[in-house]
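Below you'll find a set of structures to go through.
Next come two complexes, and both contain chain A; in the first it sits with chain B, in the second with chain C.
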Partner chain A sequence: MTKALKINKSTEQGILELLKFLLEKGKVKGVFTLKKISNDGAVAYSLITKPDELKDAVPLYPLMPTNAGKLLSRFTLKGSSNEPVAAVVKPCELRAFIELVKLEQGSLENLFFISSTCGGVYPLKMAADGTIEKNLSKYWDAVKKGEIPTDLRSACKGCEEFKPYTADMTVDLIGKNDIDKQCMIFLNNKKGEELTKGVKGEFLEKAIDKGKIDKFQIKRESEKKKLFDEIEAKTKGMDGLIEIFGKCIGCHGCSNVCPICYCKLCEFDSSDSEYKPSNYEIELKKRGGLRVPPGTLYYQLGRLTHVTVSCVGCGACEDVCPVDIPLSIIFKKVGESVQKMFEYVPGRDIKEEIPLITFEEEEFTEVED
Partner chain B sequence: MKKDEEFMPKILAFLCNWCSYAGADLAGTSRLKYPPSILPIRVMCSSRVDPLFVIKAYLGGADGVLVAGCHPGDCHYQKGNYYTRRRFASLQKIFEDIGLESERFRLSWISASEGPRYAKVATEFTEKIKKLGKNSVKNEIFL
Partner chain C sequence: MNESKDNLKTKGAVISAKSGTKESIIGFLEKGMDKGVFDAVLISMRVPAGDSFAYVLIKDESILKDAFPLPPVMSVQGAKAVSSVTRLGKGNMKIAAIMRPCETRATVELSKLGQTDLENIILISMDCPGVLPISDFLSDPNKGMKLFDDATKKLDDKIMRPVCQICDKSSMVAGDLHIGTLGAKKDTFFIISNSKKGNELMEKLGIDLKENIDSWQAKVKNISEEKQNKRKKTHKDLKSETGGLDNLLDTFSQCINCHNCMRVCPICYCRLCYFDSDKVKRPSEDYLQRAESKGSIRFLPDTTLFQMGRMMHMSLSCVSCGACEDACPMSIPVAQIFSMIADETQGLFDYVSGRNLEEPLPLVAYKEEELQEMEDAK
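The block that comes next holds the complex of A and B.
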């Protein structure tokens, strides 16, 4: 039975209390969490070292300004943190970070992870126009009841990986009806137990309520199926792809925000991928016409092959797309089918190797001819 | 091409330097007959073939793409072809998922001594592509 920490305060307050405790006792030297910038829904990930600065921290805010996995990777890219830092992140952000560490783009050393069962996040647009604040009570009502909040990022609506795999502590949110009165934090390992020693609260032997989780899982599953079926009908074949990606303006925003697209020198941004006059001539001779600039589908399919095996389905790509291409569902759907082939869940376990950099001697003989 | 002329596909072949390219060479020096549909590109190892190469070829209108390397266990670099196989499997899966013609791609192991096998693969694959017909992507303007 895993241990749990019960704090008799609202869940948000409880976490803040815990973070403050960690900073004050010197158990961690920094906290990485979402922090309010203004009152109209603007939040940003921040590193906080002074306990007082936690007053504007909103660790459970249903928004993902940037995938925290990407941010933590930048934080630890040139070397691991010298001091212990507690990071409050969403499950998919944690998984993204684990993938990045596997890709040698960050380090887990000196980092502690606090995650939660995740209800999902709202699209960035709602933070931009301030409507997110009005929706917060609705969001938490749905989470309390174990329902899927409306108007979420579409990737979140059908996300089945709402429970963190490798967090040191998991905050109980989904289906917890007394969120406003009580904070329940599951301590998943020794690190979590060590850190929380001395916190004002009650320590229990308690595991996460599986029934609650399973019920929510079923809801998410059926929502996912709906989303996948919709996209399946749209993306079939070249005509479907041309229609769906035809709107792409080539801003490469999706790859810029994608935690898995980590290459600093991207093939698609390099001058190598620019067409020479002779390329245009050849293409035009063949086709009798050409979209300018060419290579939209090449970019999207290329990204698909590069990313899918590690795609955590966070939905950041779709969220920044200025022309609303349903990227996250396409990537999630294709990603899941490729990942299934390798029995791989990105970010599930740091010890699991990324399928494309490992192999078995006897496998996939059906693709040989 | 005249209408009654038979369709001769264009197949891009990525051949590994150590096995398949030598195999192709042997097919040539042995004067084996195979269709003139293959356009070979020599790569140092089949694992050098980024899925992007295959996609680029497909979108560029290649009727087929062949990736060939040493037999498993015989890779000049010990394990390159194992990676190729995984990559190829995932690429095929992706193409199936989005409803593109994954059957236009082929992965084959051809060793340096297998001239006849090279000729056979080339002939077989050409026949298969002939049945599939032209790659219609060739005529797409939006890409």
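The block that comes next holds the complex of A and C.
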């Protein structure tokens, strides 16, 4: 039986208490969490070192301004943190960070992870137009009842990976009807237990309610099937792909916000993707007409090939797309089918190697003939 | 604008457009290809799904028939399209590029910056009514098309990009030829030449540039003055809203560091932006130290710095096209802010980005007598 910490405060207050405790007792040097950073309520990830600054922190805010995995990679890219830091992140952000560590883009050392069962996040548009605040109560009502909140990022609607794999602590959210009164934090390992020692609260022997999780899983599964079926119909064949990606404006915002796309210079922005005038002349002779800049579909399919085994389905790509291409569902669908071939779940376990860098003699024998 | 240039623009050709302006422009381009004056045309076209537009390099006249000289949206800034074809050299094809004035101007800037070779390019601009914000158009492309057509006819800019509403250079002639629809008699448009290249082309096509274009000039002057006033007012309001460090931080507080604005900016041509480079990646103790000095820091800490840095890097060449704002997922009024700063920085050097290929970029030209008022500033 795993251990759990019960704090008799609202869940958000409980987490803030815990974070305050960690900073005040010097158990961590910094806290990495979402925080209100402006008068008009903009929320961004912040690195907090003074307990007072936690007053504006909103660790459970249903928004992902940037995938935190990408930010933690920036934090530890030049070497692991010398000081302990606690990070409050969503399950897909944690998985993205684990993938980045496997890809040598960060370090887990000295980081503690607090995650939760995740109801999903709202699209960035809601933060941009200021409607998110009005939707918060609706969001938490749904989460409490173990239902999928409406108007989520489409990637979140059908996300089955809403329970973190490797967090040191997991905050109970989905289906917990007393979120406003009580905070339940599951301590998943020794690190979690050590860290919380001395927190004002009740320590219990308690595991996450599997029944609630399974019920939610089923809802997400059926939502995902709907999304996948829809996208499959739309993207059939070359014509389908051209139709769906035709409006791409080539901003490559999707790659810039993708936690997995860590390349400093993307292949598709490099000189390899530049063509001489003579190349254009030859192509033009063949085709009579040529879209410029070229390579719209090539970029999308190329990126898909590059990130697909590690895609965590966070939906950041779709949220920044200025022309609303349903990228996250396309990438998630292809990602899952590729990942399945290798029985791989990106970010599940730091010890699982990325499939493309491991060779197994007995693999894909069916393809050989 | 220097005098000789202005003289060039006092006369033009009047082209009959009985079958419609769009059709006549395409007819003019077909004629150019038939006579071998140019080999290909760079122009906008609907994408296969019909829900947006893209630049297409066309050699085949049957494809040219479906071209859209004045699309309702600017999905890609035209200068980027020209640069993608000619960045590595002028090539053997002569290409006529039909774009909006701000796209032509950005192309001129890119040429000065060594990012395009214009020797074999004929830049043709058009009077521009503005473009719809791309998200507005995409929410219902058919409706968007109709709204754009109506607004163009009525010269009503209320539904256009916010920077288009304050654009005082929507008829600026900066390329080789310009198609003027303003002030033209029914079923006609003007063609105005702005360069030797333009003159030669018209001569080869057997079109005289002898007609009076007073009515076009008067209308353009009128609109541009009106827009200039609106621009000044908007910038003044914006300055009070975004001036000072606190307001500035608030303005960019929603920025998520996607750098879409930079990616779609025609002037931001760097292959690897400084703000994506190793220079901005710091060791963790550095971030922690910074956090400790203030109690907490936003992460990434260089979010506003990126905006300021980009502004410093490109404001002298900014053409206020609005591509940045269109691509911002957080609806930050980037283009309006950048246009305000650009007017001021360019004003310091009496420079107008993309106005004239012969004008050197202010930062590469040294004038001994320049900015003396700064010398004694303490």
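Definition applied: the second predicted complex is superposed on the first by the 364 of 369 C-alpha atoms of A that agree within 3 Å, B and C clash if a C-alpha of one lies under 4 Å from a C-alpha of the other, contacts with A are read in each partner's own complex, and residues count from 1 in each chain.
Going forward, a contact is a pair of C-beta atoms (placed from the backbone, for glycine too) under 8 Å apart; a residue touches a chain by one contact, two chains touch by 3 or more.
Keep in mind that this is a model prediction, so the values were computed, not measured.
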Item to complete: Could you check whether chain B and chain C clash or fit when both are placed on chain A?
Response: fit
Discussion item. For A:Ile357, using the defined touch cut-off, is the partner it touches chain B, chain C, both, or neither? Pick first, second, both or neither.
Written reply: first
Practice prompt. Could you say whether A:Ile37 touches chain B, chain C, both of them, or neither, answering first, second, both or neither?
Written response: second
Worksheet item: Which holds for A:Asp269: it touches chain B only (first), chain C only (second), both, or neither?
Response: second
Item to complete: Compare chain B and chain C by how many residues of chain A each one touches, and report the one with more.
Response: C
Item to complete: Could you look at A:Val309 and tell me whether it touches chain B, chain C, both or neither (first, second, both, neither)?
Response: first
Discussion item. Let me test your reading of the model: by the given contact rule, A:Asp324 touches which partner, first (chain B), second (chain C), both or neither?
Written reply: second
Discussion item. By the touch definition at the top of the document, which applies to A:Ile242: first (chain B), second (chain C), both, or neither?
Written reply: both
Worksheet item: For A:Gly289, is the partner it touches chain B (first), chain C (second), both, or none of the two (neither)?
Response: both
Item to complete: Rounded to the nearest Å, state the minimum C-alpha distance from chain B to chain C in the superposed three-chain model.
Response: 7
Discussion item. Residues of chain A that sit at the chain B interface in one complex and at the chain C interface in the other, please.
Written reply: 242, 246, 287-291, 294, 296
Worksheet, complete the sentence: Residue set of chain A touching chain B in the complex reads 235-238, 240-242, 246, 267, 286-291, 294-298, 301-302, 304-306, 308-309, 330, 333-334, 337-338, 341-342, 355-357, 359-361, 363-364, 367-369
Fill in: Interface residues, chain A side, partner chain C - complex
29-30, 32, 35, 37-40, 42, 44-50, 52-53, 65-66, 71, 74-83, 85, 124-125, 127-129, 239, 242-244, 246-247, 249-253, 256-257, 264-265, 269-271, 274-278, 280-281, 284-285, 287-294, 296, 319-324
Discussion item. Help me check something: in the complex, which residues belonging to chain C touch chain A?
Written reply: 40, 42, 45, 47-49, 51-52, 54-60, 62-63, 75-76, 80-81, 84-93, 134-135, 138, 249-250, 253-254, 256-260, 263-264, 271-272, 276-278, 281-285, 287-288, 291-292, 295-300, 303, 326-331
Worksheet item: Within the complex, which stretch of chain B touches chain A?
Response: 51-52, 55-56, 59, 61, 72-73, 79, 82-83, 85-94, 97-100, 106-109, 121, 125, 136-143
